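Heads up, there are several structures right after this.
You will see chain A twice below: alongside chain B first, and alongside chain C after that.
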Partner chain A sequence: MGGVALSRLSLFLPSFAADYSGVCSCLFDLDFLVVMNDAACCTRNYVDYDEPRWSREKVTTLCSQLRTLDVVMGDEAGTIAKIVDAARSTSPRGIAVLGSPVPAITGMDTSGMAKEVEVLTGIPSIGFATTGFATYEQGIDRACRGLLKKFCSSPANRPRACRPGEPCEGDGREQPASPAPRPRVNVLGITPLDFGTVGTEHDLTSWLQNEGFEVGACWCMGFSLEDVRQTPKADVNLVVSAGALKAATTAEALFGTPFVVGLPCAGKQAAYVAASLRQAATSGSSAYALVGSESEGAGGNAGTDGNVGAGPQRANESALIVGDWVCASSLRSALRLEGWPGKITVASLFGKRPVFAGAEDAAIACERQLVDLVRNGNFSSIIGDPLLGRIPGARASRHVRLAHPALSSNLFEAEMLRYLTTDVSKLL
Partner chain B sequence: MSRDLSLFIPHRGRPKISLGIPESFDLYLCPPACVRRVSIRAIRNDARGHMGFLYMSEADLATGAYEQRLFEAVDNVLASLDRQPRAFFIHLNCVDDFLGTDEDAMLAKLRERFPATGFATMHMNPIAADKGLSTGLRIHERLYSMLDPIGPASGRDDAVNLIGNFASLERDCELPRILEAWGIGEVRQLFACTTYEEYQALAKSRLNIVLANIGSYAAECMEKRLGIPQLSAPVDYEFANIEACYLALGKALGAIPAEQISLEAPHCEGSARRNPADVIMTQAKDRARSAIKRARKHLGDRAVIVDSSAAMRPFALAKALMGYGFNVCAVFALHEKPEDAEARDWVLENAPHVNVVRSESYDDIIELGLPRNAVCVGFDCAYLLKAPHFVALQKDEGLFGYQAVWQLMKLMMDSLTSTTEWEG
Partner chain C sequence: MLRIAIYGKGGIGKSTTVSNLSAALAQRGLTIMQIGCDPKADSTLLLMHGQRIDSVLDTMRAHGDPALDDVVHKGHAGVLCVEAGGPTPGTGCAGRGIITAFEQLDELNAYGVYRPDVVLYDVLGDVVCGGFSLPLRGEHSDIVFVVTSGEMMAMYAASNIASAVERFKTRDYAQFGGLILNKRNVENEDEFVEQLARELNTEVVGTIPRSSDIHECEQRQCTVIEGAPDSTVAHAYETLVDAMLAKAAALGLGEVGSR
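Then we have the complex of A and B:
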């Protein structure tokens, strides 16, 4: 039996949101003209299945209507002319040129096209070599880093305030040793592909304000190009999905902004994330606000009461959480902090194992691996998208259904979790 | 077709039907992104169990290894199924147009290895829309390609096939009763087949009635390969065309003498020679005529807009409505079809006041100053205008003959008694 073929065969789950959807989702709020260089299907995938915010007033992504002759003749000029024409009539703040499978295999140069568009229109333009072979979080990553490099690396951007004890830029003097009263926090990585449109972005900004933080840019829901430009001013970046992990390290490298990885799920996890943010803002050191994985050492500071769900019978239970790496790891952290005693494994269908993954956590490269994990894991509970119930063996476990739109699109909008207001430990 | 950048109107959550063959399996060989909507739609339609995806990697494409992976995947799929499929479709997408896959050799190898299963390829490649037949026409043809020719011993039966439609005609449609009166024992439709035997029975039918142009190439191929004659009978909303269609249909079935050329004769009222089909047709026509009268009174001079998501031939629909006295102010032809060209020319020449929206540009539509309180026939125009009076007709589905007219009139009147709320 062909092992490689089986690793690429899918019989139970749908195809996942693609990298180009991740880019489009990230750019949705920014008044960009986003051009998908495809025949039709890729744009249709994004518009119909991966973008719940699309409305009559809000149109961002257009299709280039790529045709065989364009590809065979290498006619990038025709597409560029269409983009320039559209840009003149719509006056966007920025332009993005995206690739799709055919441009990927024929070597169309999206970055070069974007450069030419920028020269011709004078509008900042970015090319994204998306392929349709990769999944959405890689698109979010490309978009976030592309924006950071395009709009935030200008010398005109004022760096954030100096930290206590840190030499101030320009005058060599040290800042007085008193922390800023309201550290400024950017949220990185919130898109409908992970969080739907149930209001989690508002929950996050309200929570940050209530915790005494000033909210900077909320990438990528409810932000503007001005917010993007102000990103370097933050004292700390909060990473809430894996798609933004590299953007956070990029911001750290470019601007010296530390980051905290972790979603403030309802309950003690939120308090843990808040404490981690304060600590990072003060110390300038990045941290993972995640208990129960290899970075668990930091979690010891958060403390647990061990009241909720603890008990000998529950200690024998085990749970598998399948989702985005940061979201799923944050749920585990929340369960741990609330005292859930059983074994918890995190698995993700999207992306490589991050540094904060636990030893038994799994980066699922194909459906077959997920089938094997479910069959062999003997999990008493599976937490994740309702479509996971289609995986053979999953029905033997209790299924806590949390919709993940990057997997199931809009099939289960009503089962989208509001992470900050729903105590997941109560669901188990 | 416009070659500007194209804006897509979202159809999130709108029901869409994918046609298939019973007891078949569909394996898609493509990059993962290409089947996002196919796979979500299949789950929504509860059809994912007959479907698999073999995802190509960029390395597979570079090395050509995807062909070998296909054989392994088919092996695995067939081994994993409780019941062997009778037909197995390999779906190829846009990228395959640039790979040079040797399809004949691939299919020959599969047929040799699995002789009990029929194999065929299907191309979903909108990138090739600039050459030859459309993707829809070709996919439709493939769906009938597994039909076996009937042997010389067995003749054609008294059934007809409806081709090109994705949904059954509604119960109140006069066509099935007229066909029955003309001696037709059964009306067969691909999507109604529940077994492979029922599917194969499509090859025995005596006539293919092509209700939508998307089925025309399939019918043409079936005529050549299986010897089934075809008749184009597109959904129309104009009385004269409906009558002509029934006349042609009656002749094709031998129910109306071939020499009869009068459109009125088959169902002239009061005739002593009226047969049951004439009576049904007359009743249907009267009902449609009354419905038009009521709708005209109900709508008055209110503006009406029609679009290409409601009717396969929106210009023909607009022409019919104008003929009945409705105040058609715009046609949204976002997906213009050659079969609508004649009616389009008529509209352009005879009704210059009618706005024709071909671009999918939002700005163009706003600048036209179209009234929001118009009765919008079709989702696309209703969505773009956020129109409160929305007629949820989709691709003429379920409609035919005079019933199409009275159903449309009813829907137009109903749209004024309720208000559609639009998000966003």
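Then we have the complex of A and C:
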């Protein structure tokens, strides 16, 4: 076996939630019949490990139970017949046909199957060419964009949110002096795979309402198919995880909805996100509500009070945050805005470097790279999933445990961070 | 953008036909991308004047995450040449190879960056498995043509491909555009292929005569459009291009020149 193959070996971390689990998680609330084209094991990954809501709520999932000859002979008709039968007995509002490793190898056409199923059942159906080779955020991405394209149409003459007394863009109408308009905001990218089931979606919607926003659809927890259809009516989309980044740009291209990337964390980061949302809603321009991606510690970052134990001795400290790109970058932004003076590096095991990444931030392609980063980084603190404590060299750093279910399933549900109710300045 | 898939039995002359079509279209000022879907990775040899280009799969294996410039090469008349590539004969899975190469081209946003007016897929042989049917799918192709001669096995393969397109009609796959007769000068060849077209409820959109000019230009590693532009067979390719574009337009498919 060559070195390339061994470099992908994971010795300390488990396998991550796969793309099909990301799709399933996104569709969970929408009364879909989710069809997993697999022998059964991928279905079990989804229902037993990756989706904590599965055991608490009833959701219709069909495992096609592929067998060797089904795959070798390309028996898609048999699977389609099973789907049609299941749809007739469960009457779902939508049907999703997913792939898994073996269908991916043989080129099973999930989109084509979904089109046939839609013709046969009359139920809106979407195929997702998931493979199990990719990680969950790519599934969230596929699902979000698939839903946008399937169920959303551009609203005619959507008026832009405007300030009192100013004419509104698009219709030339004069906004009454009072009450002040409430920009409508969709939340994009909240799933249990990043945020668990500790109530972060409720924290976010309450926070938006308290900030004076009207809450649109909360993708992908606590929303309905009707909310999905209303998505284009929003003035701005708030992206809270990397899985929704492309969906936000798609919505911007299709409906002209600007987006703000940034997870609000209690304190100044939340205020920064709120201000960015207001700005985007009125200007129509997208923005990244993230600070602190510069390679050196900000120290005296403008607008910070430096109340996180800031002092000369802490300026030499450094922290590594490992997690979803948006969550981890938002946490860094929060720490920076609260005045933490040391250097903060963000690393993610999931997805390519986004445009808002800092020069020293790292997209980790395999466990070996994470081991090297931890060993060579001399970080005083590591913020990340409890399982990261297994990484060689991690014990030399203080480990701030922040559960990431896509990595550790529901093992550490109690250690999920509620970003809007936790004083992040106390993390380090 | 118009996306055309060209299928046909192995050895029937697909790559020669597709390369000449690409050259003819490019000389009309259009931006053309030709994607070879054959593990041999030799579809674009005539456009590249005999120079082999690195295939998408070989580049992925060597570099992991290739850039678009690594896999797209400019050939004669600016045709954008791509070879999907595939495994060593007797190993691996050629069908999965095509899927992987297409995924990589999507990932690199090849069409968005180069914005071709016409994409031509040169697909190996018959629709033998899911991978080789990929270029037929609606997200990749608008229209499919099949190259055949009057030989029985070539017509049998053409019939299979037409059946596959018909079978997947409810899936919004590419529409069947018709047959391209690449003559081998077998007895009653025109009648045989016309008969096949009638049975498949389609038409023969063009005929390429058997010509020594093709062989001579291949020896010089160029298309007849480039090497023998005034030849009868070059005119036949030009006529074929007109017929294919007219067929696509009649079906209301991707307008050439629209981006």
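In this text, the second predicted complex is superposed on the first by the 386 of 428 C-alpha atoms of A that agree within 3 Å, B and C clash if a C-alpha of one lies under 4 Å from a C-alpha of the other, contacts with A are read in each partner's own complex, and residues count from 1 in each chain.
By our rule, a residue touches a chain if its C-beta (ideal position, glycine included) is under 8 Å from a C-beta of that chain, and two chains touch if they have at least 3 such contacts.
Note that the structure is a prediction, hence the values are computed from the model and not measured.
Q: Specify the outcome, clash or fit, for chain B and chain C once both structures are aligned onto chain A.
A: Fit - chain B and chain C, as placed by superposing on chain A, sit side by side.
Q: Which partner does A:F12 reach: the first (chain B), the second (chain C), both, or neither?
A: first
Q: Which partner does A:C41 contact after superposing on A: first (chain B), second (chain C), both, neither?
A: The first partner, chain B, only.
Q: Looking at A:E116, would you say it contacts chain B, chain C, both, or neither? Reply first, second, both or neither.
A: Only chain C is touched by A:E116; chain B is not.
Q: A:S64 in the overlay: touching chain B, chain C, both, or neither? Say first, second, both or neither.
A: It touches chain B, and chain C stays clear.
Q: Who touches more of chain A, chain B or chain C?
A: B
Q: Would you sort A:T106 into first (chain B), second (chain C), both or neither based on which partner it touches?
A: A:T106 contacts both chain B and chain C.
Q: After lining up the shared chain so the two structures overlap, which partner does A:G74 touch, if you call chain B first and chain C second: first, second, both or neither?
A: Second partner only, chain C.
Q: Using the touch definition from the top, say if A:C144 reaches chain B (first), chain C (second), both or neither.
A: In the superposed model, A:C144 contacts neither chain B nor chain C.
Q: Consider the C-alpha centres of chain B and chain C from the C-alpha centre of chain A, and write down the angle between them to the nearest 10 degrees.
A: 90
Q: Which partner chains sit in contact with A:V322 here, chain B, chain C, both or neither? Use first/second/both/neither.
A: A:V322 contacts neither chain B nor chain C.
Q: Can you give the closest approach of chain B to chain C, taken over C-alpha atoms and in whole Å, for the superposition?
A: Superposition on chain A places chain B and chain C at a least C-alpha distance of 5 Å.
Q: Which positions of chain A sit in both the chain B and the chain C interface?
A: 104-106
Q: In their shared complex, at which residues does chain B touch chain A?
A: Those in contact with chain A are residues 2-13, 30-40, 42-44, 48, 52-58, 60-61, 65, 68-73, 75-77, 80, 93-95, 97-98, 124-131, 361-363, 383-384, 386, 422-424.
Q: Which residues, counting only chain C, touch chain A once they are in their complex?
A: The contact residues of chain C facing chain A are 93, 95-96, 98-99, 129-131, 133-134, 137, 139, 168, 170-173.
Q: Across the complex, what residues on chain A touch chain B?
A: On the chain A side, the touching residues are 1-2, 4-6, 8-21, 35, 39-45, 47-59, 61-69, 71, 82-83, 85-86, 89-90, 100-102, 104-106, 131-133, 135, 387, 390, 408-411.
Q: Name, in rising order, each residue of chain A that touches chain C in their complex.
A: Interface residues on chain A, with respect to chain C: 74, 104-109, 111-113, 115-116, 119.
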